[in-house]
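Below, chain A partners chain B and then partners chain C, in two separate complexes.
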Partner chain A sequence: MAQISKKTLIYILLGLGALTMIIPFYWMIATSLKTAGEATAMPPVWWPGSMQFSNYVEAFQVAPFGRYLLNSVFVTLLSTIGEVLTAILAAFAFARLNFYGKDILFALLLATMMVPGELLIIPNFVTLANLDWINTYMALIVPWLASVFSVFIVKQRFESISDNLYYAAKIDGCSDFRFLWQVLVPLSRSSIITMVVLKVIGSWNAFLWPLLVTNATEMRTLPVGLQSFTTEAGTRFELLMAASTFVIVPMIVFYMIFQKYIIKGIANTGTKG
Partner chain B sequence: MEVRFNSVSMQYDENDKTVLKDMSFDIENHSLVSILGPSGCGKSTTLMLISGLLFPTDGQIFFDDKDVTKKDAVQRKVGMVFQNYALYPHLSVQDNIMFPLKMAGVNKKKRLEKAQELADLVQISEHLNKKPGQLSGGQQQRVAIARALAKEPSILLMDEPLSNLDAKLRTEMREEIRRIQKETGVTTVFVTHDQEEALSISDKVMVLNEGVIQQNSNPQQLYDDPDNLFVARFLGSPEMNIFEMEDIEDSLPQNISGRLKQQGAVLAGIRPESWIHTNSEEAVITGITERIEIVGKERKVSLVLESGQMVDIADVEINFREGDMVSFGTDISNMFFFDGDGNRVVTTDAE
Partner chain C sequence: MQNKKTWKATFQAFWYILPLFIIIGVFNIYPIIKSFAMAFYDDFNIFSGEIGGYGLTNFETLVSDEEFAEALMNTFVYVLFVTPISIILALAVAILLNNIKRLKPIFQSIYFLPFVTSTVAISIVWRWLYHSEYGLINYVLSLFGIDTINWLTNPDWAMPAAIIMAIWKSLGFNILLFLVGLNNIGKTYYDAAKIDGANAWQRFVNVTVPLLGPTIFLVSIISIINNFKVFDEIYALFNGQPGPSNSTITVVYYLYKKFYTEFDYGVASASGIVLFLIIFVITIVQIWFNKRFVHYR
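Presenting the complex of A and B:
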């Protein structure tokens, strides 16, 4: 009996946890199908009286979401590819090569992680403004092409791979470059996928930076585009939620595909042997 | 292919101690040579220098008549087997064996043929599609050997290849390595700290200590005719018993002991297995039985002499009891003499 009640308790707690996570999503989807009145009604309406699928159509007419989607995909894709490349190359240099000042340089890189991101917004903005990059893809992509955290994750993984494998590859006639791509990278797959996943989610959801460096509609990304529903006259919640659902779906699909790696990667960060 | 070291020295860092000092040797074509020594003696460094993964601070290395001192591992075309096998964990056994060929740009058909041929040679054909992680230590070692042989290396280098295996498998793989070496005829250098391993499979054994070659000869000669005290003590188990000359000179014919001392002999060594139980008149040593160890059919006795020195005696046929006072003698031909620097002193009469 004690066993059963203990199990019951665990399930109740887990159920509550799951509910807490799900409610915002439910609320978002439910609201996206409500009428304008129901969306702001007090007490809240939990189930829409009649499904307003037309909200989705209307949301798309308010702002050029096709363009936003294209921008989001483009920016996410390029900054992810860029970050993966720089992280792998830098990690290889720090993990395998010997050069003057390597340790100090790496310590400096790590030190930059201590600087709060908000502190960098203004200097970065000024730099981009001076480069005349405001309202360009350059502004959305270039500042995000490298991440010290990613370098760190990948470097840790590379270092855990035996020196003998490197020697064996050398003997087998493998250059440093081929060793990196044909041995180290495949062996570090889960670390790299973790890095990609975190990057994609971060980049897809980025709001503040794209908002700051773009003001032309055709340069906006999806999260920024969601602002279109907030005007001086108030917020059209049912349309905002319809658009939000649309913005979030790709990430949910992405997460489902890679969740195995996300969990494994986060559990292993830094200690992977 | 023949390998020749000409006064090779090696130092990792300028301030570090020298790992290898002025080393010269020849490795004959088609032979299997072991480099034997305690840990830290420079044997792995020697192997790395042959491979081209490391470069000497001084001296030259020749492969046949070619000076390869400045050539890297790929140009030297060496094959190498590592202690922990160093197989590529993400590749199948077949891809592991083909990897060096792929790097060399050999076409796929030839690569597959070669992999099959080598898998047959090292007897792992039924595992070609498995990943290294699914194989036992012995099987992984076979794959590592196949991979090392794939590009038909000029020389096969093995760095403690058996030390990760359990005792039974070690003996088996040792014979396998010998067989594979004989079948392919590839010149092989085998690094080990295990004397039994070195003595049992090598054509020649090079004993190394503190970066200096102590002796480079065939295995039997190392045991029968050691060049110096280090080799004499390093080979053989239990270790050779060493005496001060004055403690045992009474049991030597006077003319011989006189000549030996003239030649500078200060130490005498007698192997534990050379002792013969004898009456006290012919005895070289007399002492009290301190400990008797019986392992299988081997009986080992430790004696404490009057001087307090402990002497090991192996292959004892008579059953003593602990505390018995016993005497042992030996023929003078079983005695080895060394001078103050540890070099062997040989008198013609003593032979």
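Presenting the complex of A and C:
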């Protein structure tokens, strides 16, 4: 009897916590479907009388969210592809090739991870201004085409794959490049997906950098566009919540699909420090 | 792997690493050096690019700038509240989750949800929850007879508002790391403790906490470092402002303001260096602490 009630207590506590986590999301979606009157009603309306999907249409008319979406998708896609390629290539060199200066170079790369990215925005902004890249896709994409963190994840996986495979492939006359793409990469599929998933989330949600390098409306990504929309929407909270839902939901869907990889990625990087 | 270093392998490695190195070199390594240099510029003219010389002017400006003192103070307060509260709550939830089987994955997904959402978007949602007249939070408080709180416009409440939201957002990530840590503790320790007659609380204090030491240490480092860099939350929660009458200005917000609105690159870089040094020192102290006091692995 005591056992049962203890379990029940655990479920009640966890349930209350989960409710606290989920209420902001519920409130966002509920508000996005309310009329202006319902949104500001006191006491609050828990369930919209009739679903105002027109709020989404209106938000799209007030600000170019279609364009923001396109920019976000484009930037996320290209910077992810770039980061995967640079990471796989470099990870191969660090995991499989014995070259002069390897340890020093790897230590140097790891050392860059200690420096907060916020410190780098000033010189990077100057570099991009000199290249005349402000307000271009180049500014949004090129600095994010490589990450030491990703190299680290992929290198660890490559190193765990037996050397014997490498020698066997060599004997069969397979070049290093072919070995990398036809043996190592497929065998490391799950580590690479983990890296991709974390990168996509980071890129989609990035704010400070896109905020700095875009001041033209047509170059904004979703988070930057959403932030500037708060001025345009003014007190129309139902529109603001519709726009917020539109920014948040794609990542939630993405998370539901790739949950396993996200958890694995964080668990691995977390425990190995 | 070949055992000997060869020039052939070096030549080959060069091409494999080159794409990464160009990007990291231009956008990570060069700017690290450059920002240290910029922090020590005197009389830097951003239009002509002329430097008056090198010196400590920017750091002197920082030290005498009350706004920077405020930014440091606020950031410390933010870190000091968000980190321990989030860690304690996350540890509690992780331990509860570890005690159940049914619904565990669903609970885990829900707690983790804020981690994958855009900070800007969710901060805007919280801005709505905190709304003084129509906000859900004030309504709920009113049910308990608590008067309207001007969360976002009263300088005394702005920081608590930011802290509460940050705890809510960071919880899922910490829970996940703790769950991994808890999974690594062998069941035999608990069985042994039970045989010795330890109750649940004694098992928690004498088995869980010490064996979870490395994880708690790791989660603390990650949270402290992340919390020191707070910016998006503040910017979006207060609509681009650092809170009412500057009440939630943080170090990164200060850097952003000096750099982007006042074009004072030197002082902005110097504040970035201060941020770097704080994070660096904390990391070193924690590594030392870990080596000295956390013996279990």
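In this text, the second predicted complex is superposed on the first by the 243 of 273 C-alpha atoms of A that agree within 3 Å, B and C clash if a C-alpha of one lies under 4 Å from a C-alpha of the other, contacts with A are read in each partner's own complex, and residues count from 1 in each chain.
FYI, a contact is a pair of C-beta atoms (placed from the backbone, for glycine too) under 8 Å apart; a residue touches a chain by one contact, two chains touch by 3 or more.
In this text, all values refer to a predicted model and were calculated from it rather than measured experimentally.
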Original post:
First (chain B), second (chain C), both or neither: which does A:Ile171 touch?
Top reply: first
**OP:** Name the contact category of A:Leu108: first (chain B only), second (chain C only), both, or neither.
**Re:** second
**OP:** Check whether A:Trp181 is in contact with chain B, with chain C, with both or with neither, and answer first, second, both or neither.
**Re:** neither
Original post:
When both complexes are superposed, which of chain B and chain C contacts more residues belonging to chain A?
Top reply: C
Original post:
Once the shared chain is lined up, is A:Phe53 touching chain B (first), chain C (second), both, or neither of them?
Top reply: neither
**OP:** Quick one: classify A:Pro44 as touching chain B (first), chain C (second), both or neither.
**Re:** second
Original post:
What residues on chain A does chain C touch that chain B touches too?
Top reply: none
**OP:** State the interface residues of chain C toward chain A in the complex, per the touch definition above.
**Re:** 1-7, 9-10, 12-14, 16-17, 19-21, 23-24, 26-32, 34-35, 38, 93, 96-97, 99-100, 103, 107-114, 116-122, 124-129, 131, 133-134, 136, 139, 168, 171-173, 176-177, 180-181, 184, 215, 218-219, 222, 225, 228-229, 231-232, 235-236, 239-240, 252, 255-256, 259-260, 265, 268-269, 272-273, 275-276, 279-280, 283
Original post:
Contact residues on chain A for chain B in the complex?
Top reply: 162, 164-165, 167-174, 178, 183, 186-187
Original post:
Within the complex, which stretch of chain B touches chain A?
Top reply: 51, 53, 72-74, 78-80, 82-84, 86-90, 99-100, 103-104, 147-148, 151
Subject >> Residues of chain A touching chain C in the complex >> reply: 7, 10-11, 13-14, 17-18, 20-25, 27-28, 31, 39-44, 85-87, 89-90, 92-102, 105, 108-109, 112, 114-116, 118-127, 142-143, 145-146, 148, 151, 163, 166, 176, 201, 204-205, 207-208, 211-212, 222-224, 226-227, 230-231, 237, 240-241, 244, 247-248, 251-252, 254-256, 259, 262-263, 266-267, 270-271, 273
